[in-house]
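Chain nomenclature is as follows: A, B, C and D, assigned in order of appearance, with residue numbering initiated at 1 for each chain independently.
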Amino acid sequence: MTQFVADPDEAVAGIGDGVSVMIGGFGTAGQPVELIEALVRSGARDLTVVNNNAGNGDVGLAALIGAGRVRKIICSFPRQSDSHHFDAKYRAGEIELELVPQGNLAERIRAGGAGLGGFFTPTGYGTLLAEGRETREIGGRHYVFELPLTADFALVKAHRADGMGNLTYRKTARNFGPVMATAARHTIVQVAQVVPTGGIDPEVVVTPGIFVDTVVELPSAQPAPEEDGQ
Amino acid sequence: MTDEAATLSAAGPLTRDEVARVVARDIPSGSYVNLGIGLPTKVANHLEPDSGVVLHTENGMLGMGPEAHGDEVDHDLINAGKIPVTELPGAAYFHHADSFAMMRGGHLDICVLGAYQVSAGGDLANWHTGRPDDIPAVGGAMDLALGAKQTFVMMDLFTRSGEPKLVPSCTYPLTGLACVSRVYTERAVFLLGDGQVRVRQTFGTNVADLQAGLPGVELVDATGRA
Amino acid sequence: MTDEAATLSAAGPLTRDEVARVVARDIPSGSYVNLGIGLPTKVANHLEPDSGVVLHTENGMLGMGPEAHGDEVDHDLINAGKIPVTELPGAAYFHHADSFAMMRGGHLDICVLGAYQVSAGGDLANWHTGRPDDIPAVGGAMDLALGAKQTFVMMDLFTRSGEPKLVPSCTYPLTGLACVSRVYTERAVFLLGDGQVRVRQTFGTNVADLQAGLPGVELVDATGRA
Amino acid sequence: MTQFVADPDEAVAGIGDGVSVMIGGFGTAGQPVELIEALVRSGARDLTVVNNNAGNGDVGLAALIGAGRVRKIICSFPRQSDSHHFDAKYRAGEIELELVPQGNLAERIRAGGAGLGGFFTPTGYGTLLAEGRETREIGGRHYVFELPLTADFALVKAHRADGMGNLTYRKTARNFGPVMATAARHTIVQVAQVVPTGGIDPEVVVTPGIFVDTVVELPSAQPAPEEDGQ
């Protein structure tokens, strides 16, 4: 059953030290900034974070990294024009980086949520990122073996939730949210609006409520804040 | 050779916008296309409005329109370079696993990418300089390189310091193996495949001069002017 | 032991509807549940309207309602047994790969299945009699058996010819290994796990008599009446 | 680009002998009966068919099997109360059966469409259907290796298409359609209604037009016909 809570601090109260947290978003689109800020306030440390990037500017994931709470990040694109918090921690040797091609990252998260033991992907074969990895030729094509990714928690930004926890998203802010929601033991979602059960057409639900543990309504959290360059 | 192609060939090296126009004209009507960040985004400016070309962006959209300005800007609607864009009629949104399944599954017709180097065998290097102090970031580069039915590269033929970027084998870390089928540069269009590098078209140069500047890469003249 | 449980225990073997009611009462409020075709579908009739239990059907739906009748019948809205059903408020549709990812990924709380045999170690046989002239058909049985956090089996304890169906090891072809955590029958409820078969509750019999009828399966009395 | 054709016969005209065809539907819900009937009329034979079932009653897939056009079927649940055409061919040794657990079937089709080389699944481990197959223990759990499935053609029944070929489905008739559309070299879809481009909200598209090659509008094909029992 999905629980509805009053504020972001209550939503993230269960996140302790040393856990793994998937965080939705591609840059700032779909990034659950208010939930991450609550996580910063909570004081949880020694976190392993899964996100496409490694923070932008000084808010959200960048602030979490800047505060020294992230031990390891699993992502595809850490280096950006405004990733100075990550850059500094990385060059100081204070954060571990696992770099995964973006499609393999998305597929590993999906595999985690789907109960698979791993899969063979053509992406990355013959590159640095596949060094030392198991490879296999299947049907004349070369593949690399990838393991599934799961996490203790997922923080996701969606658009609307109904009383059952069913979710819809908004435009390209959908990105990693739907797969991350399936791959965490506890999924925490911020939405711009909670509507009564029956208020979302069953045909257009993107994330069914079965994947949603906690919802917090944050009307002000919409739309995504502006960000710098690429 | 069309009149325009003949004109381009005579006029000297192309500008980047002219290269983008050559690429755009090679994209068949109705194709599904991903334009990589950087140089390849210029191709969009040269697609005819009635081309029926559908643009894909890795962050979960088909039917992407031009860059957004003013009131159009919506920070939930961005492209892979995280620039606000617009939505065309008939667009569709999907999540990241579906977006990359679409790429990896070979459903896009063409992907246009920038490059540090391309090898004669079609290997691509475009994600990492290999410098030890560089923070590596791969993003969707490796997925894009091998996902589409055809991968086109759009790049300058030489670095600023004059080193060729079409090489016998890449010295930069690879993005993908044997994935590039065409290379568009300011001096020529190269067709890669079957172990050959065929020169389809030259701009203000000729195959002999190109060959002199590209040591170790054996060029085949396919300009029809040989 | 509740008064009702005491009454059931005294009254003799349960009817199938009574077994379904025992299962239904063991499903916590708010659970996500898949009821297999056949006997387990009876459990739906005994779920309280305010139980908050959400039913999943493998063919792509959460929030499945009761069987459809008359004007409600829509042949695009069916359950796994291909019977027309209804949709409850807050339902969601999804495609088959997503539906089975949901099952396989362990997101359902409880799955209730029928069985030919269950072994003391929790192995399940419910898809194939193994007879050489049988046309095999597995459907979603193997996915269901190991997909949910808990798999309950609802079956008669003995075949019509008197053979026990709770056995030291299955002789029918297996559906899944070590996947069953509870077995609900007309004579008892068995809890499986840690290599033990614990008898939680008996109906018109006792553990000693049950033990006599289940050779090779070592029962542990957990009725609280030992 | 999606092509729109006038009738089912034109839609299936490219399907020749000896090809593989994925056919959507779970029982009759989502089964593209009119496209299959056109395929029967076309005379194509020696087909390999992928479907969840092996035909119901005397129409659609059952008729195709009854007409002796199917050399091999890959499915999860062939034996049903009304699968007499399949039963007769199977007992006569006139049709080959590859039996796949339903979730593995759906996942293999998805993997085919997603360009993966294969995956490890827990489903079927230790059973007859995994005999002789590669197995692996990953993180303390046992898995079986499954290969992707692709096909030359897919026949799918959806609800609406717009001018770009974007599709929506209706209720549980969605089932295998969306994954099959991704896994075939040529996907042919029958819909109850074609709407102008822009007539489907981009947020609710289930199958983007990139996966749709041919569409035929069949207003009468909706809803699914009644069927017998299980």
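Descriptive notes on the structure:
Basically, a residue touches a chain if its C-beta (ideal position, glycine included) is under 8 Å from a C-beta of that chain, and two chains touch if they have at least 3 such contacts.
Given the structure is predicted, the values throughout are model-derived calculations rather than measurements.
Rounded to a whole number, the gap between the C-alpha centres of chain A and chain B is 30 angstrom. For the pair chain A and chain C, the distance between C-alpha centroids works out to 36 Å.
Centroids built from CA atoms put chain D at 33 Å from chain A. With touch defined as above, residues shared between interfaces to two or more other chains in chain C number as follows: 61, 87, 93-94, 100-101, 103-104, 147. Counting only residues that touch two or more partner chains, chain D has 107, 110, 114-116, 121-122, 169-171, 202-203. With chains as nodes and touching pairs as edges, the resulting graph is of another kind, matching none of line, ring, star or complete.
Every pair of chains meeting the touch criterion is listed here: A-B, A-C, A-D, B-D, C-D. Touching chain C in their complex are the following residues of chain D: 26-30, 52, 76-80, 87, 90-91, 97, 99-104, 106-107, 109-110, 121-129, 142, 169-179, 206, 222-227, 229-230. Partner chain B is touched in their complex by these residues of chain D: 1, 110, 112-116, 162-164, 166, 182, 197-198, 200, 202-203, 205, 208-211. Across the complex, chain D is touched by residues 107, 111, 114-122, 136, 138-139, 141, 143, 147, 168-171, 201-204 of chain A.
Residue ranges of chain B in contact with chain A, taken from their complex: 37, 57-61, 74-78, 81-83, 87, 93-97, 99-101, 103-104, 128, 134-143, 146-147, 173-177. For chain C in complex with chain A, the touching residues are 29-30, 32, 52, 54, 56, 61-63, 87, 89-94, 100-108, 147.
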